[in-house]
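The following blocks contain the structures, represented as structure tokens.
In what comes next, subunit A is part of two complexes: it sits with subunit B in the first one and with subunit C in the second one.
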Partner chain A sequence: MSLDVSQFVGVFLEESFEGLDIMEAGLIDFREDDPEAVNVIFRAAHSIKGGAGTFGFREVSDFTHGAETLLDQIRQGERRMNTETGDTLLAAVDCIRELLRASSEGGDLDTEKVVSTRTAIEQMLGKTPDGASAEAAATPVVNAGWQISFKPRPELMKTGNDPLRLLAELQRLGPAKASVDASRLPALGEMDPEACYLDWNVELSAPVAEAEVRGVFEWVEDECELSVTPLAPAADEAKKSAAATPPAGGPAGGNGDGKPPAAKNGATGESGKRPDGGSIRVAVEKVDSLVNLVGELVITQSMLTQMGNDPGDFDLLRLEQLREGLGQLERQTRELQEGVMGIRMLPISFIFSRFPRVVRDMAGALGKSVDLRMEGEDTELDKGLIEKLADPLTHLVRNAIDHGVESTEQRIAAGKPPAGQISLKAYHQGGNIVVEVADDGAGLDRAKLLAKAESQGMAVSDTMSDREVWSLIFAAGFSTATKVTDISGRGVGMDVVRRNIEAVNGRVEIESSYGEGTRIILRLPLTLAILDGMSVRVGDETYILPMTAILESIQPKTEQLSSIAGKGRVVHLRGDYLPLMALHEAFNIDARAQRAEDGIVIVVATSDGRAALLVDELVAQHQVVIKSLETNYRKVPGVSGATIMGDGKVALILDVDMLLRLRRMH
Partner chain B sequence: MSQDLNPNIAATDDARELLTFRLGQEEYGLNILNVQEIRGYDAVTKIANSPAFLKGVINMRGVIVPIIDMRIRFNLGEATYNEFTVVIILNIGSRVIGMVVDAVSDVTSLKAEQVRPAPDFGAVLDTAYIDGLANVDERMIIVIDIEKLMTAEDMGLIDQAAA
Partner chain C sequence: MATILAVDDSTSMRQMLAFTLQHAGHEVHEAGDGQAALDLAKTTSMDLVISDVNMPVMDGITLVKSLRALAEFRFTPILLLTTEASPEKKMEGKTAGATGWIVKPFNPEQLLATVQRVLG
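== the complex of A and B ==
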């Protein structure tokens, strides 16, 4: 029997990281009156420990063991959960995460933190000796050696286990003396050559933990009688021996071909690559419905093929059938597309779930009191977007706590409730996903922003609209924080947030009123791979505009168009003057519509407000597959990517924000 | 493939095969291992504000490939586009790039000693991407280091920051 465990290591790591998230969430929301809560946390810790042991992440399982013991005491009611325990356990969660990461991917490990957390847990456990005794044998209370009696059942070898291997594994723990008891051995004629008739008594004179000894027999537990009794107590040497324990004890791996060490190495190498690819867990129903759809598609395809291959004449009746078949094909393709995209969708709670911890830690560090409210955690987003959204959102939440929410005294003075409110919201709005980060803090200070911008040499004026003033904070190196803290104030941040969001075709908006709070709104496309777009024609070229950017399109009348200083053109639309940019001028192509009145004006929303684009005509609205230009070429300013149209030609997808920003530079 | 069966490969180790192509009156050679395929010239999608030699991008079986016209790049021959216009699709590192030339002429096997270093023209001509000059049947072939040429900064094919 050869069992390649390496393929399971990835799954184990993934489950462990999920388990850690569960522990973290559970610890933050912990309430005494909910007995299930601690059970959930305990179970997560327990499975991490078990899995880590199985896959040879010895450090992780050892470390987790302490936390698990602590949790067990809380579960049994022997210990109360208080802030100190909570903090220690949260620190332990961090350490386990780090340990897992370090042992799977390599890289640096904050050993200091691990050791100090471990000591903290041990100290806690030490405070209640009654609680500690339960698992004392496994915690570093160790004897001078063990008397082990190992009586395998006859069928042990049939399951691929080899007692010799187990004994060899024992020997790796320390000097061992084994004696065999052959009393069960039958006469030669009655003997089954594949059965095991021998019992062993092993005297292991090494000060290792009982768990380690038992770990050797982990795989054959159900197929033998095992008794492990201490030789002589030597508890005072506990610390020293724990350090001296050979780290490679490892699970004895029940397979007979010496695979475990090799498999483990392979797994480590493989999981090192893991962050690039990643994997998604998909509900079985989603996969089933896809399989069904593909089945239908195959049927339709064979129907159409048959129709095409039939040598008979092609009459009008057949045409009707063909149309029907094509209609079916279209529906199935669309459903398949939706289904496949659905696989990539994950609830936004994947990101949101980290924020209770962020808020708790930061508010604690800043001495502020902050409540976090979250809405719409079930809103589904593309996995790629989720990954790209994590950093900007974290930054926004940190900003809200650090700059937004005032200190408790200031809040009371301003007549607000002492605890600040931060709310995170996610919802769908017209083909977009909207994520909001709002606080009820001080809000942006218009005067201060303007003064700061002026002192940094930016072109500002008092007549700028609020929106323009707020967007000053996106400028690189801009910070109004009076002091630079650990957390923020260095002025890197908002520009990065905006860049990250725009990189995924999203937009950032700010609403703020002084003294009442700030709301940052992120508008994102539903997915990264497919874009809802409008194809427009300019001269002989076709371009795609993302639907998320388009507000409306109009046929301009002469009186709506005017120019400023003979150059800058504006469109007068319902009382507003919007800057007009002719795409054919921006791209240096010959437009068919020489006069703006003959073209179409598309009103687009950008991060810097509304603007108008002049094109020759609107062609159609369709979903396009985004292809990168950078694969074989390079980034083109004003273009976010390319797509292939129905006729096989390439069309460029425009990045409206960038396009208008470029124009302003010229 | 055994050496006996293929006379081209049967040449010694230091020989290499070149694909030769014409630009105006000049004949160039590039390492055939960089050539993916040769195809006709399709309608390209222009990219605004790019250098003149960058004709645009095409869709090659779902992959977006930039097309450059060497005739414009080197100011040789006339940049006309008809059914005889040839595009050499190159593999440069992990990238795919299309190159328009006047005509593809031949596949030639060259030994290392057949290639002479190109004289230095100083500032008049940048010879950095020219491997050397070779004489085949009384014709001069300019052997170019296509990878160096395509990744050169002034080609602007690659984001230099990313490269």
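== the complex of A and C ==
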């Protein structure tokens, strides 16, 4: 019989990755005055090791063993946690994560790090890397048969052991003859019925190894007197050495070879894939409330059906009931929608939790001192967004440490506290999720940015607003860092950050003041599946504008409209000239409003600043379900998707940033 | 067949234990820590308890001691899941009253063989 336990590999991987996160967080925040803290870390390592062995991730379990031993020593108070131990253990966490990933999904493995971490741990444990290979020690002593004397202590049965079971087990090894010695048996009156007073002598005539015989008594070694002697005086030499070796050697093996795990991804791991986004953990309350809502919906539905069933006596009273029913339906649908969307919502702490580590590692590598503050970790956002947000956010944090925060000397010279402050914030604002990455570093240098842009052949002028200057850093290949550091200069620039954020209908804003710091603000929609939008009419077409983009709408007066050379048409609004784009021109359709004065100008916020769109009229505000245009048709620049309106018509959802960027290109 | 209580804070290990034991025809109850196991043991009698050692809330050693204090469990076999790293844990478990141990990692066949040993 062979039982396939590979079906549990997915669960094992999931809980191991969770365990690694727990270890990491625990190690970063380690406090010696909290004895439970190290226990939690130890338990996580322990579970990973045990599970890894069981589910065939041999390398992982071997590797984790060292870290576990180290943690156990700390737990027992035999070793103190210091920076070196902490760093080594954190590196071990990385390695275990990588090993798990490599053996479950395949792919490259940083063998060097695994080997060096392993060596570091072994050195700490005071082992020579080529440690005692006890493996060869006990060549199994096989004999024609064994004379076994077994004298259990009276309390043997109190641990749930049973002498008869042990004898039966011996019998399974081969033909056995047992004789009982009842000399210890006390008088009936003094006898404890729960104690064992009998001794046994067993002659086992089977050619088995001594270890196998002793193995039967493995669990009761400390509760009996046991002697195992060969029946025939054979193999004297071997016998002596065997007697000298405690039988506790147990199943040979372990990892005595001290060799680093092979780098190949094949490993012994199961081929089970980490369920990459395949499953979501949902709080039971969330599911319960959905079930409740569906219940209510069913009631409303049956109420409305009943009403429709006898149209004969439909009067005004019934009309009132119908309205009430429809109102109820609307409320329940909305709640159901929110509830279902809520299933996909995860707290942003999923990403934030990695940053203490990122900051610690990076600040250490750069020799800077940086404090990280996080706020709003419980803010929930769509799982899809979480995944898309992770990389850009990491990049921004790295940037802030590398380019934002100055060196300790510079900070002291500037009269700032020596440790830089990086703050991560997440909060809701007007139907958006806002995530901020702020530092109290040097801030952006306007003059330097302009000079750099000019040297790269970009069109710049001194009259540009700060905002326009800051957005220069979004240009591909733009970097003001005098030298590219190994840490943040990895080819992912701010342009990629912006592209990623805009791909999810979000927006990036920069606030900076020279000498005081920089704040990067990401505005994101609540979810990827549903968009809060304003439908606008242009000719016979309806378009959807994301509410997140709309600042205000006005009916323009003639004197507000003009043309500026090089900038095209503009709207003059409270002292600002905003570039104006007529949607009917962009989409090449006939507008109803022939003159701009007859239409509506919508002021929108884009990553490049404010702009204005000219439409015929505003229709209504709705929540629309986003359908991908790419999957159903093809990618259209300036359009982020489509939706189906209440009347069955398709409306395009506009990508305001892209539209206006297209306009500038023409 | 036997009624077995499987105790482990790791879901995958617990599932693997339950799956294997059920496959061999046993009735399996599961608990995620010692306290949960103890609560279950107070209402259900078991033929065998298999428990992890390191668990939150109540560890395996304390569970063994607590179970042995229950009349119903005075002689019930209790096996601890240990790792080869902790011989002293084995002894600690024995002192607390455990019957024996299963060394991690183990495969389903090893588990069933050990269970067979205890149940006879």
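One rule holds for everything that comes next: the second predicted complex is superposed on the first by the 497 of 666 C-alpha atoms of A that agree within 3 Å, B and C clash if a C-alpha of one lies under 4 Å from a C-alpha of the other, contacts with A are read in each partner's own complex, and residues count from 1 in each chain.
Going forward, a contact is a pair of C-beta atoms (placed from the backbone, for glycine too) under 8 Å apart; a residue touches a chain by one contact, two chains touch by 3 or more.
These figures come from a predicted structure and were not determined experimentally.
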Which partner, subunit B or subunit C, touches more subunit A residues | C
Answer with first, second, both or neither: which of subunit B and subunit C does A:Phe587 touch in the superposed model?
-> first
Counting only touches as set out at the top, which of subunit B and subunit C does A:Ile600 meet: first, second, both, neither?
-> neither
So, does A:Ile401 touch the first partner subunit B, the second partner subunit C, both, or neither?
-> neither
Thinking of the overlay built on chain A, is A:Gly648 touched by subunit B (first), by subunit C (second), by both, or by neither?
-> first
Determine, under the contact definition given at the top, whether A:Ser61 touches first (subunit B), second (subunit C), both, or neither.
-> second
Of the partners subunit B and subunit C, which touch A:Val636 in the superposed model: first, second, both, neither?
-> first
Spell out the residues on subunit B that touch subunit A in their complex, using ranges where they run on.
-> 43-50, 56-59, 62-66, 95-97, 156-159, 162
Subunit A residues touching subunit C - in the complex, by the definition given at the top = 1-3, 5, 7-9, 11-12, 15, 40, 42-43, 46-47, 49-55, 61, 65, 68-69, 72, 157-162, 165, 168-169, 194, 218-219, 222-223, 248, 250-251, 254
Subunit B-touching residues of subunit A, taken from the complex the two chains share = 541, 586-589, 627-639, 642, 644, 648-652
Flag every residue of subunit C that touches subunit A in the complex, lowest number first.
-> 9-13, 15-16, 19-20, 23, 52, 54-56, 68, 74-78, 81, 83-87, 91, 94, 97-101, 103-109, 117-118, 120
